[in-house]
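Order as written gives the chain letters A, B, C, D, E and F; numbering starts at 1 within each chain.
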Amino acid sequence: MELSVLEIRQAVQNALAEDIGGGDATTLATVPETTMAQAVMCAREPLVVAGLAFAEIAFTELSPAVSIERLARDGQPLKAGELMLRVSGRARTILTAERVALNFVQRLSGIATFTAQFVDAIKETQAQILDTRKTTPGWRRFEKYAVTCGGGKNHRLGLSDMILIKDNHLAALQNEQPNATAAAVARAREKFPKLKIEVEADTLEQAEQAAEAGADIVLLDNMNLIQLRLAVQKIKGRAQTEASGGVNPANVRAIADAGVDFISVGALTHSAHAVDIGLDFET
Amino acid sequence: MELSVLEIRQAVQNALAEDIGGGDATTLATVPETTMAQAVMCAREPLVVAGLAFAEIAFTELSPAVSIERLARDGQPLKAGELMLRVSGRARTILTAERVALNFVQRLSGIATFTAQFVDAIKETQAQILDTRKTTPGWRRFEKYAVTCGGGKNHRLGLSDMILIKDNHLAALQNEQPNATAAAVARAREKFPKLKIEVEADTLEQAEQAAEAGADIVLLDNMNLIQLRLAVQKIKGRAQTEASGGVNPANVRAIADAGVDFISVGALTHSAHAVDIGLDFET
Amino acid sequence: MELSVLEIRQAVQNALAEDIGGGDATTLATVPETTMAQAVMCAREPLVVAGLAFAEIAFTELSPAVSIERLARDGQPLKAGELMLRVSGRARTILTAERVALNFVQRLSGIATFTAQFVDAIKETQAQILDTRKTTPGWRRFEKYAVTCGGGKNHRLGLSDMILIKDNHLAALQNEQPNATAAAVARAREKFPKLKIEVEADTLEQAEQAAEAGADIVLLDNMNLIQLRLAVQKIKGRAQTEASGGVNPANVRAIADAGVDFISVGALTHSAHAVDIGLDFET
Amino acid sequence: MELSVLEIRQAVQNALAEDIGGGDATTLATVPETTMAQAVMCAREPLVVAGLAFAEIAFTELSPAVSIERLARDGQPLKAGELMLRVSGRARTILTAERVALNFVQRLSGIATFTAQFVDAIKETQAQILDTRKTTPGWRRFEKYAVTCGGGKNHRLGLSDMILIKDNHLAALQNEQPNATAAAVARAREKFPKLKIEVEADTLEQAEQAAEAGADIVLLDNMNLIQLRLAVQKIKGRAQTEASGGVNPANVRAIADAGVDFISVGALTHSAHAVDIGLDFET
Amino acid sequence: MELSVLEIRQAVQNALAEDIGGGDATTLATVPETTMAQAVMCAREPLVVAGLAFAEIAFTELSPAVSIERLARDGQPLKAGELMLRVSGRARTILTAERVALNFVQRLSGIATFTAQFVDAIKETQAQILDTRKTTPGWRRFEKYAVTCGGGKNHRLGLSDMILIKDNHLAALQNEQPNATAAAVARAREKFPKLKIEVEADTLEQAEQAAEAGADIVLLDNMNLIQLRLAVQKIKGRAQTEASGGVNPANVRAIADAGVDFISVGALTHSAHAVDIGLDFET
Amino acid sequence: MELSVLEIRQAVQNALAEDIGGGDATTLATVPETTMAQAVMCAREPLVVAGLAFAEIAFTELSPAVSIERLARDGQPLKAGELMLRVSGRARTILTAERVALNFVQRLSGIATFTAQFVDAIKETQAQILDTRKTTPGWRRFEKYAVTCGGGKNHRLGLSDMILIKDNHLAALQNEQPNATAAAVARAREKFPKLKIEVEADTLEQAEQAAEAGADIVLLDNMNLIQLRLAVQKIKGRAQTEASGGVNPANVRAIADAGVDFISVGALTHSAHAVDIGLDFET
C-alpha cells in the first residue's frame, strides 16, 4: 500500500474544513496575525510512527509559509519523549491545524504500534501478519498503509482484487451441487482467471475439500491449535494456509508455530486505539 | 447532533465504492443472481446500538428491492444475542453489502457503548459527559452522534462554534498584557459576541483569573480531585466548570462528585473499539 | 468569520469554469498570445472594500505568471477614483478573468459598504450590528465575511451553533405545557448545554417570559421604539437584548438609543446591491 | 434557459448543508418528532414568482414524506397576500428547511420582479430586454432563469457561446492593423465559424466600422438617445443593434424607442433585491 | 467486472450536464412541453450489445415519467435492424437525452462487438481473450465491462491488483543482481504475498528465467508463432502463459493454437470504433 | 476550444487514481526508491500530436521533482521515430505514470491525426471540417480540442450554444402548422435571439424551406453529390451550407467541391483509433 500525495491532501482538506468550519474563533480573537511560533510533535508513549505526511500537509495546506522539519519517518519505533516533526511559522496556522494533524497521526500510529506487537511476537517464524476489511469506512487505504508501517502485510484491498469464498457463498450452491466447494472454485477460476482464490474452512474436512478443489489459499477460521496443525500438515504443498479468528498478541506466536503462512487480524484496524502524541510549543 | 439522510447516504456510497471496487468477484462468481436470502444483525456482546441507518442504507443503496425490518433503535442497550435488524432480498446484495454495514455499526456502537459506561457511572450526579474534537477525520459528526446514543452530550462541533482559550493562546498575549486572560476574554467577547467563552485553567490561580475575566465556563485541566473540589468552590455561581484529562470509567464518578458541571473525555472517540456484531443468515 | 484560501480558490475555480465554458472565444480569436497588459481595479463610487483575495486568485488561478499589487485592503473605505489592485501579465489572462474578479469584489464590497452605513450610524452607542441567515445559498461564509469588513458582527453561522426559539417552535409545546417558553428553554439547555439560547419575543409579556426562562438573549422582534425601551428596561441585567425587523439606515440610530445590545439586519445580505468597480487598462 | 432537476437538487443540498451544519439544534430540542404542521409560502409584496422548484426540493429533500401543493407557477405575477405553495408534513422538516426555501425564492423572485419592470415598460416596442454576465458566481444559470421568468431574454451564457469584441480586445490589434475592427471580426469568423459576432461601439464611427466589418450585432455602449437613434439608422439592415449602459426602469422606454433590437441591463442580476415572502403556519 | 447503478448514474449525469449545458435550446423552442413520443433504439449493423443501462438511465434521469422497455440484454448479438430498447414519454425528454444515450451504447457495444470477433475466432481452443490497461481514462471500468459482454475476460483492473514485471522494472536491478528476474519475483512475493505475479519475456531465455523464478504467469510478448510454441512447451506445468503484441482477428486463432492460456489484446479498448445504432421515432 | 490547466489536472488526477488504485505494486516491489531514469515519448507511426499537457501533468502530478522537456507541440505532424517529450526523474514516478500519460496522448493524437486526413484532403477548397456531438461522454472538450489540433473547427459544444432543428423537432409541429419549418425557426429566433439557427434538410425542398424560413445555416444531410450541388446553388447568399452523413477521407474532397461551407464528420471522434506512441527509457 502506497499513499499518493493527492489522496492525503484531499483527506486533510476535508478534515480541516470539518474542524475549522466558520473559522478558528479563539485563535482569530486572541492571537495576533504576526506572532510566530515553533512547535514539535512528540511521542508521549512508546509507539511506531505512521502518517507524518498527513500532519505535514495539515500545516502547509493552511499556510504555505510554514516550514517543516521531519525528525522521524513512518515505520520508525520511538520511545516516549522522542520527537517526530518540528513546525515553524505563524502561531495562528500552527494552533488552527494542531488538532487535525494530531488526529491523523495519533490514529495511524496507533494502528502501526498495535500491528508491530503482533509482528514482533512472530518474527522468528515463517508467518506473516495480515490486515482485513474491518476498516473505518473512508479510511481503508490509510489504515492499510499504517499496517505496513507496523510491519504487517496487506490482505486484499476490497472485494474485487481477490476471491474469498466463505460458507455463505457455498450455501447457495449446496442444493444443486454435490461438491459445492469444487463448484465454487471452478466457477471463480473460470470467471476471474487472473485472481487468487482463497476458501474459508471451519473444519479439517472443509480444509481438505478446499485444497482438493484447487484453492490457492485455505483460510482456517476459528480453529484451535491442534486443528490448525493438522490442517497445515494435510494441505502443505497444495495450498497456502491462513489462520484467523480471535488472534491477540498473547496467542499469535503459538498460532504462527502451527505452521500457517498467514495470520489475519481484524483487531489491527477495528480495535487499535490512538496513541498519545502531543504538540509542544518551543517558543 | 442529528444526522441527515443525505450525509449518511453519501458516506455509505463512498464506503461501498471503497470496498466493492471492480465488483464483488466472489459473490458474482459463486452466488446465482436469483438466490434469495434473509439475515439478521445480531449483538455478540452487550452493547448500546448506534448507526443502524448506515446499515440499512448499505443494503438498500445496493438494491432498492431489499426489505429491512428494524428490531432495535439507536441508543438502545442490547444483551449478547439480541437482534438489531433483519434484511431480506437477493443473497448477492446482502453478501456484498455485509462488511460495509457491519463496519459502520460496529464502530459507532462501540463509541455509544463506551460512552454509556461513563454516563452510567455518574448518573446520580449533576455532571454531564462531553466528547471532544479528538475524532476520526471525516467522521466527526458520526462519532458525535454515537456519543449522544450512549447518553453523552456534545462539546463544540469545531473551531467556529465556541471560544476555548488555552495556554498557547494566552502565551502570545503574555508579553504585552499584564492580565492575558482578561485581555483574551475581552477580545473574544468583542469579536464574537454570540459565542460562549471557555478558558482552560491548569491551576487554581488560573481558574480564578478565568472566572474573574468573565469566562462562561472554566476548563479544569488535569487537576487532582482536591484541586477540582477547590476550584469548583471558588468559581461556583460565576461560571460553569468542566473537568478534563485522564478520565476513565473508574475515576469518573469521583470527578463528578467534585461538583463539576461537565466532564469531557477524549477517549470516547479516540479509544473506543468496535463491538462484536455479526450478520447471521436465516436461510 | 475568516475565509480560507482553500474555499476562496474553490469558489473562484467554479466561477471561472461557469463563465469560461469552452474557452473565451473572443480573446482567443483577437488577442495575440504574447501581448502583455496591465490594469487597475478602481472604485467608481465611494465604497468599503471586501473580497480582494477573490480577484487576486481569479487572475493567478488562470495563469501563475500574472503579478498582483494590492493597493487597498479588505475593510478599507475608498473614495470614487481610488485604486484597489493592479494586475500585470498576459492580456489574455486579464481579459478572461476580468468579469469573474469583478463579480466577486463588486458584490462583497456592496455588502461591506451597506453594512458600514449601519455601523457608522450607531457608532457612539453601545449596540452592535449583526447579520442574519438571509444569505445567498452557497455564499453564506463569503457574505458574513463581507459584513465584518463593513464593521458588522456575525450572528450565528447556521442552525447548529446557537439556539434561537421562535414562535413556531413554541406553538408545538403550547398545548401540553402551561409555560411553553420555560419548557423550551429548559429542553434546549438540557440537550445542548454548550450553546447560547436566544428567544424571540413579539410583546413585552413574551420578553418577560423569555428573561424569566433564563434565555441568554431576548430577540425583540418588530417592536416600536417605546416597546423596545420598555423591554430593555425590564430585561436588563438578566439577558442581553437584540432588536430586529424593518431596520434601515434612517431608523437604526433610534433603535440603538433604545438600549439594545444587538441590532440584526437581514437587508445587509438580502438587499445590498453591487457597487460600481471597473478594471481599467493602463497599457 | 432551462434548469434541470439535478442542478436544482445539488444547489439545494449544498444550501441545506450550509445552513443546518451539525443539526437544527432549536428544532430538535423544542419540537416533538411527531408534531405535524402545514404552512403556506405567501407574497408579502407584489412580485413575479421564480424558483418554486427550489423551495419544493428544500422540503422534500429533507423528508420525502412532506407533501407539496403548488399554488402558483414560475413567471406568474402575484399581488401581496397571494399564495405560492403549501407544504404539509412534520413540523421539524418544515421549520428546518424554511430559511433555505425562502432564501432561494426571495432572491430569484426578486430578479424576476425587477426584470418585469423593464419588460413591461417596453412592451409595445420591438426591443427585447437582455441580461448580462454580471451575475453572482455559482448562480449564473439560476439568475438567467429568473430573468426569463420576468419576461427577459438571455444574452450569452458565458465566454464560449458568442463573440463579443470590446475596446480592450481591439487595443492589442491597433498597432499592427490599420482597421482593427475588421481584422478582429475576420479572425473571429475564421476561428469560430459557428458563433455570432457582436462588436462594442462607443461612437457612431465605431458603430459604422463594426457594421462594415460584418458584425452580426453592434453593441451601442453608453450612447445618449440622439446618438442611439443615429446609430440605429446607419446600421439598420446590416446588423442588429443592442443598447447598454445606465439603463433603468425610467429611461428604458426611450431607449427602446430609439429603435434598438436589444437592451442589456446588468442591474437585473447585480442590483435586484430579495422580495418579501413569508412562510405562514396554518396549524 | 460488474458495474453498480451508482457509477452508471454518476457517469450519465455528468454526460447529460456536459451535453445540455444551459438547456436544449432547440427542443425548448420547438417542441411543446406536452407532446408525447415513443422511440426505439435499433442496431443498424450486426453488433453485440453493451451498456443498455446507460441509455435507460439517460432517459429516466432526465424525467422519471419516461417508461422503458428492454428488448435485448447486454452480451446479446443482434442483426442489423433488430431492436434494443423502447422509450416512451415526453418528446422533449427523449430528444434531449438521445445523443448521450447513443454515445454510451454505441461506444460500449463497439468494444463488445470487436471483442466478440476475437472470442469467436478461438472458441474451440483452450485460450481466453483478455483486455489491457490501454483504456480511455475515466472509462476503464465501463470498457472492461464491455469486454466481458463480448465474451472476453478481464486482465488486472489497475496497478494494485496484480504484479506484472516488465523489462523496465528489471533494468533497475540488473546491475546489482546476477539474476534480476529471480530477485524481482522474490521481492514482489515478499512484499505482496496475496497478489499473482506475471513476468514479461521477450525471448525464450527470459521465459525460462521467469518460470524458474516462480512466476505464476509468463507474458510472451511480441513472439512469433514458433517462439510461442517453444515457450509454451518449456513452461507448461510450471506457469500459465499469455501472448501479447500485434494480435488481430486474423492471427488470433494461430496464436491460440500455439497453446497459450491467455491472449491479451490492447486493441479491444484502444481501437474499437463505435457501432451504428439509431433512435427511431415510432410516433 | 481551449483547455484550462484546471480541467486537465482534474482529468489526469482521476486517471491516475483509476489506474494506481492501492499503489503500483510491481514498481514498489522491484524498483528502488532512489533509482533515477530518463525516457522519451516517441511516435511509432506518422501522426499529428495532441494532448502533450496531459502527459506532462501525469508525470508532474505524481512527483513535482520530475523534469519535462517538450520536444514537439500540439498540432505538429511527426514522422515515425520523432520524439515528443522527454521526462527525467525517479524511475518509480515514470513507470507508474507511463500508461496514463500514453492513454491520453495516444487517443487525442489519434483524433488529431484522423482529422488532419480530412483537412488535408480539402485544403484548397473553401470548406471547413467540423466535429459533432458524437464524443466520448466526459471527454467532449478534450476531443474537440484534439479536432482543432488536427486543423478541424468545432461545431456546437452542446445543446445550449446553437439551435439545430432536425426532423424530429419538426414532427411535433407538423399537425398544427402548415409550414412547420418556418414556425420552428420563428419560435427559436423569438426565444433565443442570440443563437445561430441551423435547420436539417434531407431533400432539396426542405433545404429551400429552411433558407426561406431564415435559417442561418442549412444542414444538407445524407445527400448525394448532385443534390448537394443543387442545394448549394439554391441557397447560396441566403444561408450557409453544411454537408453531413457518410463522410470519409476518400469522398470528402468531392463533397467540398460541391460548394458547401462546412462538412461535419462524426467519425472524427467516434471512430478514430489510438495511434502508436511508446515511452522508451534512455537510461
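Everything below uses one rule, namely that a contact is a pair of C-beta atoms (placed from the backbone, for glycine too) under 8 Å apart; a residue touches a chain by one contact, two chains touch by 3 or more.
Computed from a predicted model, the values in this text were never measured in an experiment.
The minimum number of touch steps linking subunit C to subunit F comes to 1.
At the interface between subunit A and subunit B, over half of the residue numbers involved are used by both copies, so each side presents largely the same positions.
Two chain pairs, B-D and A-E, are compared here, and A-E has more C-beta pairs in contact (counted per touch definition above).
Placing every chain at the mean of its C-alpha atoms, the farthest one from subunit B is found to be F.
One finds 33 Å separating the Cα centroids of subunit B and subunit C.
Between subunit E and subunit F, the centres computed from C-alpha atoms are 22 Å apart. One inter-chain figure worth recording: subunit C and subunit E are separated by 53 Å, centre to centre, where each centre is the mean of the chain's CA atoms.
For subunit A, residues that reach two or more other chains under the stated contact definition are 20-24, 28, 141, 154, 157, 160-162, 191-192, 195. Taken pairwise by the contact criterion, the protein chains fit none of the simple patterns, being neither a path, a ring, a star nor fully connected. Under the touch rule stated earlier, the contacting chain pairs are A-B, A-C, A-E, A-F, B-C, B-D, B-E, C-D, C-F, D-E, D-F, E-F.
Subunit E makes touch with subunit B in their complex at residues 1-4, 6-7, 141, 144, 154, 157, 161.
For subunit E in complex with subunit A, the touching residues are 128, 130, 153-157, 160-162, 191-196, 261-262.
By the touch criterion given at the top, residues 13, 16-17, 20-24, 28, 61-62 of subunit F touch subunit A in their complex. Across the interface of their complex, subunit A is touched by residues 11-12, 14-15, 18-32, 35, 37, 91, 95-96, 99-100, 102-104, 106-107, 133-140, 157-166, 168-173, 184, 187-188, 190-192, 195, 267, 270-274, 281 of subunit B.
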